[in-house]
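What follows is a pair of complexes built around chain A, which joins chain B in one and chain C in the other.
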Partner chain A sequence: MSIGLRELRRKPLRFGAAGAALVLLTVLLLLLGGLLDGLYLGSTGALRAQQADLITYSADAKKSLIRSRIDEAERRQVEAVPGVEQVDGLGVALLGANVPGQSDVASAAVIGYQGGVRGVPDPPAPGRAYADRRLEAAGVEVGQTLLLGPQREPLEVVGWVDDTSYLLQGGLWVEPGTWRSILASARPDATLADGTFQALAVTTAPGADPAQVAAAIDGATGGATTTVTRDDAIAALPGLREQSSTFTSIIAVTLLVAGLVVALFFALLTLERTGLYGVFKAIGASTGQIFSGVVAQAVVLGALSFLFGAGAAWLLSLPIPAAVPLQLEPNRVVVTGVALVAMAVAGSVFSLRRVVKIDPASAIG
Partner chain B sequence: MLLATSEIRRAKLRFSLLTGAVGLLVFLILFQQVLLGSLLQSFTGAIENQSAPVLVYGAEARKNVEGSIVTPDAIPAVQAVEGVATVVPLGEGTFTMEAGGTQVDTAVFGFTPGGPGEPTKVVAGRLPQAPGEAVAPREDTTKGFDIGQTVTSSAGGVPVTIVGLTEQSRFSVAPTLFTPFATYEQLRRAANPDARAVLPTLLAVDPAPGVDPAVLADRITAQVPGVEALDRARAVSEAPGVAAVQQSFSLILLLAFIVVTLIVGFFFLILTVQKASSLTLLRAVGAPAGYLVKALLQQIGVVVGGGLVVGVAFLFGAKAGAQAGLPLQVEPATVIATCATVIVFALLASSVAVVRVLRIDPFSVVTRQSLGGTG
Partner chain C sequence: MPALELDAVRKVYTSGDSEIVALDHASLTLGDDEILALLGPSGSGKTTLLSIAGGLLTPTEGRVVVGGEDIGGYAAKQLTAFRRRNVGFVFQSVNLVPFLNARENLLVVAEFGKRDKKAARQRADRLLGELGLADRMQNLPAQLSGGERQRVAIGRALMNEPELVLIDEPTSALDTKLGEQVMGLIVSEVKSRATAAVIVTHDVRMTHFADRTVHITDGRLDAGDLAQATEAGEPVAPRAPVVAG
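Take a look at the complex of A and B:
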């Protein structure tokens, strides 16, 4: 192993080609992973922040918040179900926000809520909102009055909240009356009567089984509702599943490419050194010793390439405009590093057969 | 050719595996490109294949059809712009419809029969003439959207009968109905009985004869407050998501091209290194370097050519198998361009092996012990 590492130290350029390829692949992996995380977190924040276990939609909405509507009578039916502890109304209006001093319209999600949202204080006074920090990139500041929708409805920002966006639109958290009036003004066809919400966030009582409560809710409303867990509600967001599977496949293919690059590189290296390894074996080195040197080289090569690649990805991410939902999460970085080193080791293992087959007698011709 | 082919004959498995690997990668590249084209068509086909050369969005919509709404005062204001011949409302919304016994997310466009905004690619049946009629994509006939079938909105039970089929006219990769605006309005009101009014999502504009749609769109945006007009091509290319999808696919394609290059390059390099002794011997007995390089290039030609044949064959197989789902459109130009790029990349990749062959020193035969030299 020590010979392998010494070679790496003395002749680092010999590993330049494979190292450069792995650095590039690391950049690609981290940027892809960052995009996937950014898209997921930016789309799901408003639902992830709900303290409730269950979300109740109208049955004809196919779990779409925008298409769902639950009136007061249905809400009372839900509240009466055994195992239901708390019910909060929830609604969203996706629209453009005119920010003072900015020429571009910001993408906003005005979210009407009654409480029960992690990291968001109780609803502010009518006409005021807590804004998600995502909107900071669009020039929004606390104290500003935004003008929303085609009718330019005013809304004053009174504070920041974090990680509460919906479908990549910055969340503006308002009390239900403000949400209803903005919705009616921006989309007259989506106007909802007082007391009607798009969905209900249902908190179950301690010890109650959420799945059973969900079934009981839908039974109590006579099938007029579809109640799902918060995770199912997140998974039902439009395009989220497809997005996730597409990016995960690209990441998997990229990792395979990394393994392939390492495999081909070490195959070539081993081939070039058949004679040398023959000499090693002739003077008593075992296949295990030679091979552990190859694996050690792969680990160091993978780890160093990853570090350089991670640095490059971070530098590249700095000038990327805020509109691109790139988010480099520590978890993602660690997992990518481990996966890359693992693929490098897996790639180097392909040389094992060749190392085993080397005949010590070849050292003497 | 003798040297190249006899080696291939002796190592059939090795060359077949490489040809297969290249073939699979070529298929992956072609399939992704075809999929990209089909996906984009399914995202924006309804906009591309409707008759209005200019579409007017609400300014806050950020060119997003689903986020757009046009206020009633905009219609006379747009009509008053010089160069506008006709302005009609165009509605768009996603509804849950009961089709073929299941709930299906369905995009519905409400247009004015005889006016701008009509679907232009009706391939069977006829255009809707009365409320309650619609045309549906041919791709979705198996989902309960065939001519003569009636689909019903889950909210309010509004029936819509399919009277014709379109092609390349889907929106947001969902079954897409084109129905008279009155039916669209009915669906909207059924979905939300509290609705105060149903406003147009967009305005469909016909320019006066001789007026350029792009120029007219800019003029409307400049003269009418609260709207943004786009000609049809821009409405398609600047739709949110289109650029993102294109960029994602470009990245995957780039990756696939890199993989082909790496595989071909490394394979022939390994092969050359393995044969270094034999090649040196051949050089020593008088074989010119050009002869060996020619043999190498011939082998690359056979592997890449075979890979292209395999890849294209797989593509047509996939096209035949994909008829029921997302229909794949194979453009000959895409296939030719991809094949040419793969050939160029493969040649570039093999240049390292070629250089290695050219650097072989015939004299080393007398110094290399493994070749019988004196060391």
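Take a look at the complex of A and C:
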């Protein structure tokens, strides 16, 4: 093994082509992964921030927050279900926000809530909002009054909250009355009565089985509601599944290409090394000893290429504008690194057959 | 105990319907500190004999005993372990590892054999010192002359303290003077360790370094020399002065 590593140290240029390819593939993998994470996190923040286990929609809304309506009577039915500890109303209005001093309209999600949201204080006074930091990039500042929707409803920003966007629109967290009035001014056809929300965030009692409680809620409302776990609600967000499967497919193909690059490189290297490996075998090296050297080279090549690639991806991400939902998450970086090294090892395994077939007698004559 | 015993060894290669007899009932006994020159033209079977003696090839028929160990029925893994333990090779094209320095080229053998690292380093240093390469230990093969590379190869062959050293055309790439120096060094190193050696050569001028010479033609060992070989009890001393180089 150490012979292989010494070759890598003394003749690094020999590995330059494969290393450069892996560096570029790492950059591609991390940027794709960063975009996927950015899209996912930017789309799901408002739902991920809910402390509740369950989200209840009206049955005809097909798990769409915008289409869903739950009135006060239904809410009372939900609250009465055994195993339900707390119910908080939730509603969203997607619309443009005019930011003082900015020519562009910022995309915002005005979210009416009653509480139970991680990282977001209790609802502010009417006409005020906690703004998601995503809106900072659009020029929003604390203390400003934003003008929302076609009717230019004023909303004063009183503080920042993090990671609470909805469908890539920065969250503006307001008390329910403010949300209803903004929604009504933007879409008069969607005016809601007091006490009506789009969905309910349901916290189950300790020890209660969320799945059973969800079924009991939908039973109690006579099928007028659809109650799902928070994760299911996130997965049901429009386009999220398609987004995720598209990016995951591209990432998988890129990893496969990385494996093929390594396989091809080591196949050529082994071909070039046939004579040397023959000598190694003649002087008593086992196939395992020779092959472990090849694998060690693949591991180090993969790991170093990944480190350089990660550095390059980070540098490339710096000038990317905040509007692009690119987010390099530590988890993603670690998983990509492990996957790349694993693919490098898998690629190098293709050389095993060739190493096995090398005849020690080829060293003589 | 003889270092090498070949008894009616046959090696046949098949190519389609035809058979090529590379070695035909070859019998040979080599004393435990004897140096044998195996002389023959190209294609005579000398490389095949060397490969079979070193456990690189298995014979089609016959018995091969090295240092009292009958390797005729060994599987590939056993042969690998046997070569690692008992045999040293000096290859015709030297075949040093290009990215390892002289000292590391010797230590490769210890690494494959999982030997004690400190002892291996000491042995490598001692061997390179004896071979006149004490100040060239850190040089890569590309930084060494042809003769120096050949000396490193000799050191590598002796690293595992073998019972039998097999040397393939050691002087083919060297001029006469350098060839003689290298041969002298081989004889000196092998004799000082009471190790047996088979030197394959087609250069008659080099045979006087050996205790005896066996001719091989068309896979058959020369009958006269074979008789001399089987009678050989006490190997004779080298007939040429040892030249350190």
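Simple rule for what comes next: the second predicted complex is superposed on the first by the 365 of 365 C-alpha atoms of A that agree within 3 Å, B and C clash if a C-alpha of one lies under 4 Å from a C-alpha of the other, contacts with A are read in each partner's own complex, and residues count from 1 in each chain.
FYI, a contact is a pair of C-beta atoms (placed from the backbone, for glycine too) under 8 Å apart; a residue touches a chain by one contact, two chains touch by 3 or more.
Here the structure is a predicted model, which means the values were calculated and not measured.
Once the two complexes are laid over each other on the shared chain, residue contacts for A:Phe280 go to chain C alone; chain B is not touched. Of the two partner chains, neither chain B nor chain C is touched by A:Leu5.
Residue contacts after overlaying the shared chain place A:Ala211 against neither chain B nor chain C.
Taking chain B and chain C in turn and counting the residues of chain A each one touches, the greater count comes from B. Of the two partner chains placed around the shared chain by superposition, chain B is the only one that A:Pro150 touches, whereas chain C remains out of contact. In the superposition on chain A, A:Ala346 contacts neither chain B nor chain C.
In the three-chain superposition model, chain A touches both chain B and chain C at residues 275, 365. Residues 21, 28, 32, 58-62, 64, 67, 69, 94-96, 98, 105, 107, 149-151, 184, 186-193, 196, 246, 250, 253-254, 257, 260-261, 264-265, 267-268, 271-272, 275, 365 of chain A are the ones touching chain B in the complex. Put simply, chain A touches chain C in their complex at residues 2-3, 6-7, 10-11, 275-276, 279-286, 289, 360-361, 363-365. Across the complex, chain B meets chain A through its residues 58-62, 67, 69, 71, 93-96, 103, 105, 153-155, 188-189, 191-192, 194-199, 226, 248, 251-252, 255, 258-259, 262-263, 266-267, 269-270, 273-274, 369-370.
Considering their complex, residues 47-48, 50-51, 54, 56-57, 77, 79-81, 83-85, 89, 91-92, 95, 97-100, 104, 108-109, 111-113, 156, 160, 168 of chain C touch chain A.
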